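Each chain gets a letter, A, B, C, D and E, in the order it is written, and its residues are counted from 1.
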Amino acid sequence: MLYREAGDFKTSYTSDNQTFPIRFDRYGYYFVLGVAFLVMPLILNDYWTNALVVPFLIYTIAALGLNILIGYCGQLSLGTGGFMAVGAYASYKLMTGFPDLNIIFVILLSGLVTAGVGVLFGLPSLRIKGFYLAVATLAAQFFLIWLFTRTPWFFNYSPTGMISAPTRTVFGIPVTGASASALSMYMICLVFLVALAWLARNLTRGTLGRQWMAIRDMDIAAEIIGVNPLWSKLTAFAVSSFYIGVAGALLFAVYLGAAEAGEAFGIDKSFLVLFMVIIGGLGSIFGAFAGAFFLIAGPVLLKIMLVDNLGWATDLAAHLEIMIIGALIIVTLIMEPHGIAALWRTIKEKLRLWPFPY
Amino acid sequence: MPDTLLFAMEAAANGLTAGVMYALVALGFVLIFKASGIFNFSQGVMALFAALTLVGLQSGQIPFAHLINAIFGTRLHYFGFTLPTLAAIAGTVVVMIVFAWLVERYIFRHLVNQEPIILFMATIGLAYFLEGLGDLMWGAEVKRLDVGIPQGMSLAVDETTFNWFGYGFYMDTLELWAALIAAILVGALVVFSQYTKQGRALRAVADDHQAALSVGISLRFIWVLVWSLAGIVALVAGMMWGAKSGVQFSLSLIALKALPVLILGGFTSIPGAIVGGLIIGVGEKLFDFFMGPLIGGATENWFAYMLALVFLLFRPQGLFGEKIIERV
Amino acid sequence: MLDAATPQNTTEQPTQANLLEVNNIEVLYNHVILALKGVSLEVPKGGITALLGGNGAGKSTTLKAISNLIHSERGEVTKGSIIYDGENVVDMSPADLVNRGVVQVMEGRHCFEHLTVEENLLTGAYTRKEGRSEIAADLELVYEYFPRLKERRRSQAGYTSGGEQQMTAIGRALMSRPQMILLDEPSMGLAPQLVEQIFEIVSRLNREQGVTFLLAEQNTNVALRYANTGFILENGRVVMEGNAKELRENPDVKEFYLGMSDTGRKSYREVRSYRRRKRWLA
Amino acid sequence: MLDTQPDEGYTTADGRKIGGVAMEMKNITLRFGGVVAIKDISFDIRWGEVRAIIGPNGAGKSSMLNVISGFYNPQEGEVIYKGYRRPRMRPYQVARTGIARTFQNIALFEGMSVLDNIMTGRLNHMKANIFQQAMWWGKAQKEEEENREKVEKVIDFLEIQHIRKTPVARLPYGLKKRVELARALAAEPSILLLDEPMAGMNVEEKEDMCRFILDVNDEFGTTIVLIEHDMGVVMDLSDRVVVMDYGKKIGDGTPDEVRNNEEVIKAYLGVTDD
Amino acid sequence: ESLFFPNMSYRTGPFAAGGIPFADGYADYFTLINERDGGIGGVPIRYSECETAYNTERGVECYQALRGENPLVLQPLSTGITYQIIPRAARDEIPIHSMGYGRTSAVNGEVFNWTFNYPANYWDGASVIINYLLDENEGSLDDKKIVLLYHNSAYGREPIPTLTRLSERLGYELLTIGVDSPGQEQGSQWLQIRRERPDYVIMWGWGVMNSTAVQEAANIRFPMENFIGVWWSGSQQDVLPAGMGADGYKALAMHGTGTDYPVYDDLQEYVYDRGLAAGTGDEVGTVLYSRGMYAAMLAVEAARTAQEIHGVANITPAMMRDGMANLVITEERMAELGLPDFGPPFEVSCQNHGGSGQAMIQQWDASAQEWNLITDWIEPDRELIMEMVMEDSLAFAAENDIEPACLN
């Protein structure tokens, strides 16, 4: 009797449009938010924050962004790594060029810069579709990385081409650089994530979201019923790149501290985020969280299990680890092609029918 | 003749053969895409795996030795005998066919009628799995692969061009061989897909899994067939690339070089893979030759993609790909 | 119109035993959506059986369950059995079934878009072992049935009109020389002339070659005219079954499926209010 | 029976007033490579009428709708809409001029729920900008609710309340058709193009569908262009009928006129139904 | 109680082939110390590996996992990871030893208190090669043309400033040609080299880039004795794939190779024969194995020094840092350790974390399949390098508000 929508009658369209129409879900959501802001800071230690939680938060932002592009608007992109690099280098140039600019603005501006670049590389999507579009985004990926490793201006002419984030503060507390504490890193990433997830939710449930989905499901029909493909695709590229740029800026400035385009933002990154989106579930906000968690926590937990607990050699463990990750991807897809989010929905539907099997 | 022109010609000629090397990898992609609409990301890893298996068999390595040793505390490495190259190749072909069967049985059978992106994702999962498996089975060290194909500067080309132009062109013998093998391979595959009943069935499956099932095409058979073929193509690619730069992890990354080739030629066209390879090969070599010094070199990674992109703007389905049907 | 000449075979009862028996099957989509809740059917050998019912009644699902195409839509038969020619076929692959002579024409055409019309037809002969000449002869036969296809034989199926695709799909099924054809809404999108023609072909194949038909059809009028027996589905259950003639006489069927009232057919314009069909399963 | 003066309309047998010319197709020719889908066809559509297009399979009916909705650009001829020659437009621009349609091969957005599908029909009535939408504040939310109300009316009207939240991929064929109609209706178009809306329905469902169509026509005065193979429906519903065969127009007139046209009988109707 | 020496190894990923032998050598030496001497100063060594796959994010994860366990010294084994953990390790007071890689300007111990890169760094390496070439050409490189073929990454770009400055001074023409990672395609680069006809090619490569370059050089018949790699481009796996074509190829050597050192007798007795060898055990004596062993040996010596300075056996990371900052390696000590002439003698100080900067040149003999040392220790141009080190490190200090100073 726990999980029921019966009794939850909607009296207005507003309440029907709620993010969590079922009361149980809604309370669950407040609970999670409460835990994230109030309880987690108390119980997290440095290792878990740094090894797992902060990257999870950052990659969730990237996955949200990519999910908007692929999951909602149906435009396949493999340029995530390149766009994250734009965010990272933009934040580096802003941080070093305007030392007094607050880091929050730096990160937002980096997102905007990335959005611009995203729109530029999104232009071919008006003509090119599906896997063919992947080439346009791959071109972006390789070109951007090349640009950042070849143009000294981007790394302030440092001899090695590495960029390092100087210390910046929010309310006097350092959030970037070596002196930033795990807690402050956690908090800034969490705030960005919660805000951006909320915006993503709003965008995807409104008109723009429906335009994106219409383009995704059947672009020709969408155009005939009045969706402007140019506008929808480019807004999707812009919003998605904004998120990815913010994620790139956070990854560089807050998490890594130092980076080099080719190494930190290579094609692997594009694939990693793509995995998250697909494993989590295309076209689902929750999916971005689930996918990022699966792919960030999975390897770390496997490593801890195999190496630290079972005492296996690291290389054996690492080989097994990629095999297991690969196998898990396949198994998830076979179980539910639409990812963890869909799996979760099915479970909820079952719960709703419980105790009847169907 | 002015030197620049000669040099450019040399670069272009090398581009042609380099393009063929890319095309070898692209061919495997095309086969699978044609037959199932699956964009097989694991093709590169398949090439690596095939090459690893070939070397392993050739040198009599014990598979999973590392794992066995770790578990049982043994110190196994080699069987102590080696296999002749041809036998090792035959053995690898068998392994690739078994692999194809397993892939169908345990993965794609369960993913019939799913969207292309889901299938694509599954192949990425497969790529991971296979990469780990390859390392676990044969170890991660660099291995030397020698199947008896000569390597190094082709003297014949050098001499001929010297007589013609007074400047001897450099061409790699291995790449010339690769061109020959690719030509044979493409010929055989074109005949297979255009002139046989199975060829037509392949295209039907790619269009609509469900409808193909409804006319009695056995997806299982078709898929095992094309994955086996793709496995063999991967072996050829792995052999050529492995001979060039050793067999090790990076071999799988050649898939990234094959993508623009594939896209430029069109996903569904076997000859397209070759033509695409040639265009990309020549294009990137010439671009690097003329523009590289001006903009800092190492342009090859992105130029191929940019070139493919420009072509796509004019032909969204690639040069020889099937037209994308847009109707309501 | 109903009183006009009806094909003779409606009254004949098929002579042989059942070719297909569906025993109380349940079909579950996606692990949660129960689409069929115990459907049983018998299809006599050499007969034409019609499956009727409103939108969402489960006609297509039943047909797909029989041909086993249901698996590719994440559906499964969770209960009951399907016996074809004495064999339980629930666990067979669609290809096995085609090899045994059961072929389905799916709802919504499902042509191979990039193949030409002719190639589409030829894939229909995929399972056949005979030589080229026989297949070519059958191809001609299909063209004879559907001259329009002959004109469009070299066009990619994706670019042909809705009706042309429907003809292609039916022709493709015929190419495999099946024993039994599962037809899902064959008349959909076809011009009236062609609808008659298709049913003529059905009854001809049935008479001349003894092909068994199971057809889901919304055009109840025509379907019941050509069928021997009929089943009416509603909400995943069989609610009425019987000989086609009896069904046609049934007042409810007359009213709701044939659009006949005692006063004869009335104009669609006259229907002034939405009527709700009498539910057998209220 | 037709009024000869083009701009004043005419009165139908059952007393409805039909207005002036809404759209005029002038000498339209459409070719695909060697295939001529439409050959020099002209006809007009008047405000408020139900105009049917019939013809055998492959005659070019759907292509004609595609021309009207701007998806195909004819090689020759012009479309006069509301008295002006329509310039070359992208389909979405055409949609914004008040033309909505349904498709022969259902073109719903499979990944979305029924409600969202219908809401896309109202796109052109929603004006909140991207920032307002992102914040879900003020205009965006208000607008969403207003439009939701309109959509709910359509949902009630078509009696699909129970599937409101169902993903359309799960719906049976007939309901999908109905949802498609709902999506087109939600746009509150001045001209509604329907491509075989009743394919795959039984008599009872067709009756319902006819009722919906007529009601829309009556209540909102929506002009309707209808392609249908069920002659009963066509004859009962339409005010005027265009008959096409092999891309050519072979007949144009009231249902009765068309029904008795020799050429039409030969090419399409065959033996007259009832 | 134990002394914790972790290793941030990479036995998987694109550079596994280089990571495996290094990790094996590093591990085996610690095993030897435990087995033979019962640890350092009586305290056993605890060794563990954390797999980074040469990937910076994994590196950060490893750093976080290791740092709680009081590691005495970290070997990040990747230039990228080193850059990332330098500031964190300084905050957490954990010493880093980036031997022959990493941030060159860490030589300045007053800025980089916790980072050490003795005995030699990239700028030393570049300078040693040039000095060697000067020697070969009777003291003049005027009118010579030298190509630098480099891995297009932070690592590969390191030598460029040094080589550029030296070219200004010595008058040779420098041409830099980048190869994008991983580098198995160098067709156009080598065609360019063929056209340019340089006198020498210097290579800063890693992984598959090395073997491909050697193969390509052989293919275009570039005289192999004029082709010189850095120490990361001079191991067996770089030359073996090219077969006889690689004969004559040269590379820098930070240390000796092969098993002709007395220490191998001990290793055989205490480690290999007892079945304690790390990995598959077939890397013993290779160049990168030797490097791993050398790194472990330097760590052990630094630990000993720390024990002496502080008079406690169970040292902390901070004490270890003092040991490293006061490390003195003499020829005698090397001989005592069973590694005579294996590495250069050098001293570390609080100001200078860079060691002597010396290196040798080795040459590949393809028929015997072994590396031969063909020179003695060659000095780099230390003056120039210190000048550059100061510039770069002071810029870093300014950027990060560091007041250059010695810790003790």
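The rule is short, and it goes like this: a residue touches a chain if its C-beta (ideal position, glycine included) is under 8 Å from a C-beta of that chain, and two chains touch if they have at least 3 such contacts.
Which protein is which chain? UniProt says A, B = Branched-chain amino acid ABC transporter permease; C, D = ABC transporter ATP-binding protein.
Every value quoted in this text rests on a predicted model; they were computed, and no experiment measured them.
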| item | value |
| --- | --- |
| Chain labels contacting chain B and also chain E | A |
| Maximum centroid distance from chain C, chain identifier (CA atoms) | E |
| CA centroid of chain A to CA centroid of chain E, Å | 37 |
| Approximate Å spacing (C-alpha centroids) for the pair chain A, chain D | 42 |
| Averaged-CA centre spacing for the pair chain C and chain A, given as whole angstrom | 48 |
| Rounded Å distance, chain D centre to chain E centre (Cα mean) | 75 |
| Numbers and ranges of chain E residues touching at least 2 other chains | 11-12, 16, 20, 152, 180 |
| Set of chain A residues in contact with two or more other chains | 146, 220-221, 224, 313, 315, 319, 322 |
| Junction residues of chain B, two or more chains touched | 66, 135, 140, 296, 298, 301, 327-328 |
| Interchain contacts (touch definition) - all pairs | A-B, A-C, A-D, A-E, B-C, B-D, B-E, C-D |
| Of all residues in chain B, those that touch chain D in their complex | 328 |
| Complex interface listing, chain D residues touching chain A | 69-71, 90-92, 94-96, 100-101, 103, 107-112, 116, 119-121, 123-124, 126, 128, 130, 133-136, 140-141, 144-145, 148-149, 152, 183-184, 187 |
| Contact set on chain B toward chain C in their complex | 112-113, 197, 200-201, 203-204, 206-221, 322-323, 325, 327 |
| Of all residues in chain A, those that touch chain B in their complex | 70, 76, 124, 127-132, 134-136, 138-139, 142-143, 145-146, 150-151, 220-221, 224, 267, 271, 274-275, 278-279, 282, 312-313, 315-316, 319-330, 333-334, 337-338 |
| Chain D-facing residues of chain A, complex | 12-14, 17, 199, 202-203, 205-208, 210-211, 213-214, 216-218, 220-229, 235, 239, 283 |
